[in-house]
Amino acid sequence: MNLLVVTLAAPLITAAIGGLGGPRQFKETVMIGGLAITFGLCLATAGRFLGGGVPAAFGDALRVDGLSALVLVLCGFVGLLSGTYGVGYLRRNEERRLVTKRMRREFFGLIPAYVFAMLLVSVSNNLGILWVAVELTTLASVSLVTFHDRDTSLEAAWKFLVLGSLGLAFALLGTVLLFAAGQGRLGEGMAALNWTRFMQVAPQLHPLTVRLGVVFALIGYGTKAGLAPMHTWKPDAYREAPSPAVALMAVGMLNGALYCILRIHLISKAAIGPEFSGGLLLTLGLLSVLVAVPFVLIQWNLKRLLAYSSIEHVGIMAIGVGLGAEAGVFGALLHMTYHSFAKPVALFSAGTLAQLHSSSDLGRIQNGTFTRTPVASALLVLSALIITGSPPFGMFFSEMTILRAGLIGSHATATGVFLAALSVLFCGFVFQVGRIVLGPPRDPSDRRQPLPERFDFGMGTVIAAALLAVVSSFYLPGPLMALIRAATAVVWGDV
Amino acid sequence: MKADILVLCAAGMLVSAYLMVGQRALFTTIRLYGLQSLLLAVVAATIAISEARPELWVTAGVTVALKTILIPWFLMRVIDRIGIHREIEPFLSVPASLLVCVGLTVVGYRVSTGFPEGAGGVSHHLIGVALSLLLVGLFLMVTRKKAITQILALLTVENAVFLVAVGVTSGMPLIVELGISFDVILAVLILGILVRRIVDRFESMDVSRLSTLKG
Amino acid sequence: MNPAVGLPIVMALRLATLAATLLAARRARAARLIAFPGSAAASVVTMLTAVSVLRSGSPADGVWFVHRASQLSLSYSVDGLAAWFLLVLSVVAVPIAIFSIGYCSSPHFSRRSAFIGALYNVLLGAVELVFVAGDAIAFLFAWELMTLATAALVATEHEERESRSAAYLYLVMSHIGTGCLIAGFLALASASGSLSFSAALSGAVAPGPTRHVLFALFFLGFGVKAGVIPLHIWLPEAHPAAPSSISALMSGVLLKTGVYGLMRVCAFGLGAPSLSWGVFVVALGGLSAVLGVLYALMQHDLKRLLAYHSIENIGIILLGLGAAMMGLAYGRGDVAAIGLAASLYHVLNHAVFKGLLFLGAGGVVMATGTRQIEQFGGLLRRMPWTGLFFLIGALAISGLPPLNGFASEWLTFQAFLFGFRGSTDSLVHFLFPLSGALLALTTALAAACFVKAFGISFLALPRSRAAGEARESPAVMLVPQAFLAALCIALGLFPGVVLQTLGGVTTSLTGGELQQDPLWGGLGLGMTSGLESFDHLVPAMLGAAMAAGLAVAVALTLRRAGAAVRRVPTWGCGGELTAGHEYTATAFSKPLMMIFQAVYRPTRQVEALAEASPYFPREVRYHAEIEPTFQRYVYGPLVDRVIKVAAGMKVLQAGSLHAYLAYVLVLVVGLVLLVWWRG
Amino acid sequence: MPTTVIHPALLALGVLLQSAGMLAVAPLLKVAIKKMKASLQNRQGPPWLQGYYDLAKLLRKEPLRSETASWVYVAGPRVYFAAAIAAATLVPVLTAAAPLESAGGILLLVGTLALGRFALATAALDTGSPFGGMGASRDMTIAALAEPALMLGLFTSALAAGSLNLGVLVRGLVAQGPSFHPSDLLAFAGLLIIVIAETGRIPVDNPATHLELTMIHEAMVLEYAGPDLALVEWASAVKELLYLTLLVDLFMPVGIATSLAPGALLVALAAWALKVFALAVVVTLVETTNAKLRLFRVPELVSVSLGLAFLALAVRFF
């Protein structure tokens, strides 16, 4: 059987078994086992790609090149991480008897399904299948957003689905317009929509149709990535969904949407040169970083704070690509890798803290968590430092590379605004995290005491992930570096 | 001859969108959507005949089955279950909305002039209509407060996209076409379920009431 | 010990100590005994490295660590200037480390010893990296790490509100500064093509407005860290909040990283400094000096008083540096050499005597449990050694001969004198004497402030029970203070030795030859600006004359041996003299507050509590407040506006789905029109 | 060109001679001023040797020490005395060279006097009595205001001669010969005000009173008795003589000896005595014609002096 097909089949089977039923113990082992196998298969696929082969399936509809190999590995990694943490997360809720049968079925079914959709996005060469895969992720995450079935989660789900579907309609229109720009030169049948075919035919595409198609495609996939001004659904969805699902959305969906944006950007670059789509990406990226600033300064919820952080990070990646220098592209992809390592740690520690203090609202988590729940608070501070790009950790280097690319590419003002926003975001972040972590311990008479901290399975995963994030800042394994360089070659050089 | 039918159907779709903007009763809005989907099917059929593309017949069939019959039936059942038949006062008065729609149509059309003449000199008209339909659909989404109307506006936008897909490129690859239709239907089903849960929880379909998550 | 060998050893030692401290985190005593001696050992190695580079005069560079992922390499290059600052760091870091062993054993900090010990090592490592950084990325890496470590240390007692807000204010201001630095360095790197300092800071930057923008960016970035007015407001909050041994390190060394940056980049990195830069630095230096000491006079919290004095001394350092920059602008390398020598000398002196004063203050705060001078009194009897060392520190900071403060201020005056003589420009003829007068005023006010600080805290009757029962600090805290006090005296008496070591540094940076006429083998130094005569400073001569005078005085007042001096109660105008009759710190600085009202704009409340008739009040309460001008008129409105804008922007996410859809509609229409317009 | 290094032994002898001389003459100056004030008030004033009698009496008295005081109280007067003597050896008196001229020049002179003042003020605080605190606070305030004007005044002449070394300065003025520059008058007036402030004369401080409202220097030494008081009195006398000599050197260098020949020394002594006496007359006239200023009027006086000094600088160099 084709390796690629097996990689995609694994999460699907896990979802099917998980979703059906059976005792909790069995479901947990199936989920973690399935996702572990999936991650292993992703590594194997990437290994084969690095070994020179080009894994493909269904007549090149699914094809793995440098960029997709990198996104595949990162999504597989996040899938495994979210799965294992999810088990711990659910166990903790089970103890407090908050989990209904529906929740359990949805949880064990939808998370592997979501992983499947993400992997499908990262390997699809055919723009049609790409669109269908992104649609699947949206539908899979709707019920994850309504997991806790509160009033606000319904509202968040509605906004998520309406904005998501609208975005996808634009993405579809973009794909169709790109197809129309080929005016029949793309050939017949399924293969006509293959990205590789578009790249061969790119110079003959009709420029105006391509320009319009790129606009709609970037708005569409930008909505899924959370680029401003289409980002409004993200803070609401992140607050309502359970932390493991949020990690999947924050990293998997972000990487997947960025993958689509890069594919479209490459077609546009080949057809009408990088200025148009590069400029659009740069503008939307800057807008995203700037939009995140006021909401980080004044924020009432920990998970929404992390939502604005991922809006900021997708903005940074878009700026990196939009700056139109090789260092910028390399910085963006490196930033994506570090973000995939660091963001889950932040979300998991925030989730654990919220669970222990039974609320993720900054007002309700009385300050002084450091004294009552030291490990979770320490992890939150550590992850806050990582994702704000403080020096000893990797993101500092990737942001430096992007900034340097900005100045070489004579985008001085854009880089200046970007730098100012980064500084203010750091200050806002540190203030919000400092506000709840530091301070005198809550007086024992207050009845809302946080749960005692136990070193359970969930906490173990978070600590392991944190260790991994810290180590990755200094030492990235050889093959991963090769993947990043291959992806840069795809995005920057001609394929 | 073929060009006239295509332009006529496309214009018909745009007119149905305009009527939607002016309409207050939900049932009539759903019926207008059904009409719009029917015209889309006719466009698909005419191109199938003129371009001798047998797979377009499948597209036309699917459009009729799903979008003209299944979705309106499903939405009407949802409204019956809920029992709310009238649309409440939209943000913008009807004359003002229509003026904005005209403006959006002008924008859509201006952009389409640059497009290449497709088979039989039709495509730049079709793109112009499709873009206008898309912008009107989006405008409808912005101004209307009822959840069902927002779904219909979203479906109008989908119809505009399918109009481009069928009219300009004489058909996308069939499998992709089917996959996309299937996803759209799935989205509508989930939206419908969500509407019923929202109505159970909030006793009203007024989406503008859903604004507690701020900042 | 050349840097190629020395620096890796230092970093290895620091990492090993850090690891060991974290391992022993549970047992506070063990953690203390690992962390601080370990860091002291590492500082000794740094000192040896620095001395070897200073003596050999040959810079050494190499690569630390290549960040494989992003191919950004962190390299180091140790030249004269870096070696001098490394020397300053290690000379102060060793005594502070030993002092901390005692200081952290106090019940207040003992459970946090591991935290303070570990971060102390990280901080020192980061500062060492800053001084030896060879390229922009290594510099920014170490700079940011230093900021984070300092902020964490300031927030050690995070139960108190003010240490949290102090740490946060420090973090925000330093970070905005770092933002400017990143912009500046990257702009430099793109102008000169490479990130390494040797290329970027070789002055190859294109002339014209970009240079001035770069200078402004770098000055803002480094000025925040150096605590120059008006970027100083974090300093009087952060220093008192940190544990005293850390405040000593912050005042002694961390402010110097800002000065190092100003020297390395603003003064000698952007090509020949233009005249306006020099004038700007002198002006800000003078302003910081005078305002620093004026605000210090009004402080009654011992550590805040010392913090404001740090601002004053940074001002003096900048005066010397500004004179050097103006010298360079006129092409007078020798005047620049003297100015730079004066400011580098004062960098060392300030580190030593400020470190001594803060350690003394730490001992006093630990003994009495409060920082308010009004509560102290009579501590000299309870804590004789701390009192003596604090007095020596006070004499040094007030710039009184024969101690080290006087030597560097003498050199700064010489720089102004030679600068004045050397040029015919009317601006110099106006600015240099004015700066001289400002420096004189600052020194005199510093003397007044330290008479108050020492006199009110250590002399006469204790004003509170805590001061009455204070116990002398343990030996482990007194020995470092003794070492620093001895260093103050030695640096004061042997300026010639210091100037010889500085000769190499100043020549390499300013190109001007430091004509020296060392007198009596380093006991004295001679400076000239190339004119006829040498001006000499031989504090040892004055020391001898004073000793002779003292001998005469003691001889005159010698009684028959054995006759004990009669102890009589002090004259209390007939009544029995109590602590209440004593002059308070507020009263002592009242005349100066009245005279400098324009600067302080004081507000005062006087409450007379009287029962029978208003003319016979039982009790009068007096409370005076000076106006925090910078907070109220510069930073307050700025922060409020930022919050107001942020609150205003919040309406963007006001929950209405329709608004969100409208954003998308506007974007689509906009982009479609853009496509049509560009089509 | 590096100056010839004087042999340390010769240096020590010079220091001994000059300090002994200044110590001897100082009480005479104090009495001279008292006698002149008395004659202006149609009184006879104390006998010429009264200064020495007072010192002798005080030295024989029994020393007292306050219970609250520590060793700082004892060290204060002694350091004050030593500082005064050390400063005295920095200023050229009879010859155009001072024994310790190359020790640091004008800055060291100002620094040494400041050291003396610091010691006395700290010691005053040690007694714990409000008078000590008040005296110390006022004295340090006035000193803080006076120092910039003093520095600027001295700077003017130093900038003209190109060196802060008093010996070099005086030798330059002598070599230049008697010349008059308008800036000298301005600088002299400015410095005279500062000298009056530093030595605690009438417009700024009232040396002859114990009324707490008006005394500054006296308040600091209120607690001292016996030998300690003698040291303080003697030191302030030396300081006053030192200031007047400084004024003489900077502005009226005529008659100062340029060689060690006995004849030249005698002429120098006579010239120096005459000039100092003339200045004493000026000080006395100022003292008798003015009333004591309120403490918060003193800054205005000092700013006048600062203005004069700056004007002198401007006239000469701009």
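Residue numbering begins at 1 within each chain, and the chains themselves are lettered A, B, C and D in the order written.
By our rule, a contact is a pair of C-beta atoms (placed from the backbone, for glycine too) under 8 Å apart; a residue touches a chain by one contact, two chains touch by 3 or more.
Predicted, not measured: the structure shown is a model, and the values here were computed from it.
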item: Of C-D and B-C, whichever chain pair has more C-beta contact pairs; value: C-D
item: Chain C and chain D: spacing of chain centres that average the CA atoms, whole Å; value: 35
item: Gap in Å, rounded to a whole number, between the CA centres of chain D and chain B; value: 101
item: Whole-Å gap separating chain B and chain C, where each centre is the average of the chain's CA atoms; value: 70
item: Separation of chain A from chain D, taking each centre as the mean of its C-alpha atoms, in whole Å; value: 80
item: Touching two or more other chains - residue numbers and ranges from chain C; value: 650, 653, 657, 661, 664, 668, 672, 675, 679
item: Per-residue overlap in chain A, given as positions that touch at least 2 other chains; value: 158-159, 162, 166, 208, 212, 235, 295, 298
item: Overlap residues in chain D, where contacts from two or more other chains coincide; value: none
item: Every chain pair meeting the contact rule; value: A-B, A-C, B-C, C-D
item: Chain B - residues contacting chain C, complex; value: 91, 104, 107-108, 110-111, 114, 131, 135, 138-139, 141-143, 145, 207-208, 210-215
item: Chain C - residues contacting chain A, complex; value: 67-70, 72, 137, 140-145, 148, 155, 158-159, 164, 167-168, 171-172, 175-176, 178-179, 182-183, 186-187, 189-190, 195, 642-643, 645-650, 652-653, 657, 659-661, 663-664, 666-668, 671-672, 674-675, 678-679
item: Of all residues in chain A, those that touch chain C in their complex; value: 158-159, 162-163, 166, 170, 208, 211-212, 215-216, 219, 223, 229-230, 232-233, 235, 276, 280, 291, 293-295, 297-298, 330-331, 334, 370, 385, 390-392, 394, 396-398, 400-401, 403-404, 406-408, 412, 415-416, 419-420, 422-423, 426-427, 430-431, 434, 438-440, 474-476, 481, 484
item: Contacting residues of chain B [partner chain A, same complex]; value: 111, 114-116, 118, 123, 134, 138, 141, 147, 150, 154, 157-158, 160-161, 164-165, 168-169, 172-173, 175-176, 179-180, 183, 186-187, 190-191, 194, 197-198, 201-202, 207, 210-213, 215
item: Touching residues on chain C, where the partner in the complex is chain D; value: 378, 380-381, 391, 395, 398-401, 406, 409-410, 413-414, 417, 420-421, 426, 429-430, 433, 436-438, 440-441, 443-445, 447-448, 450-452, 454-456, 458-461, 517, 519, 524, 526, 531-539, 541-542, 544-550, 552-554, 556-557, 559, 565-572, 577, 579, 581-583, 587-592, 594-595
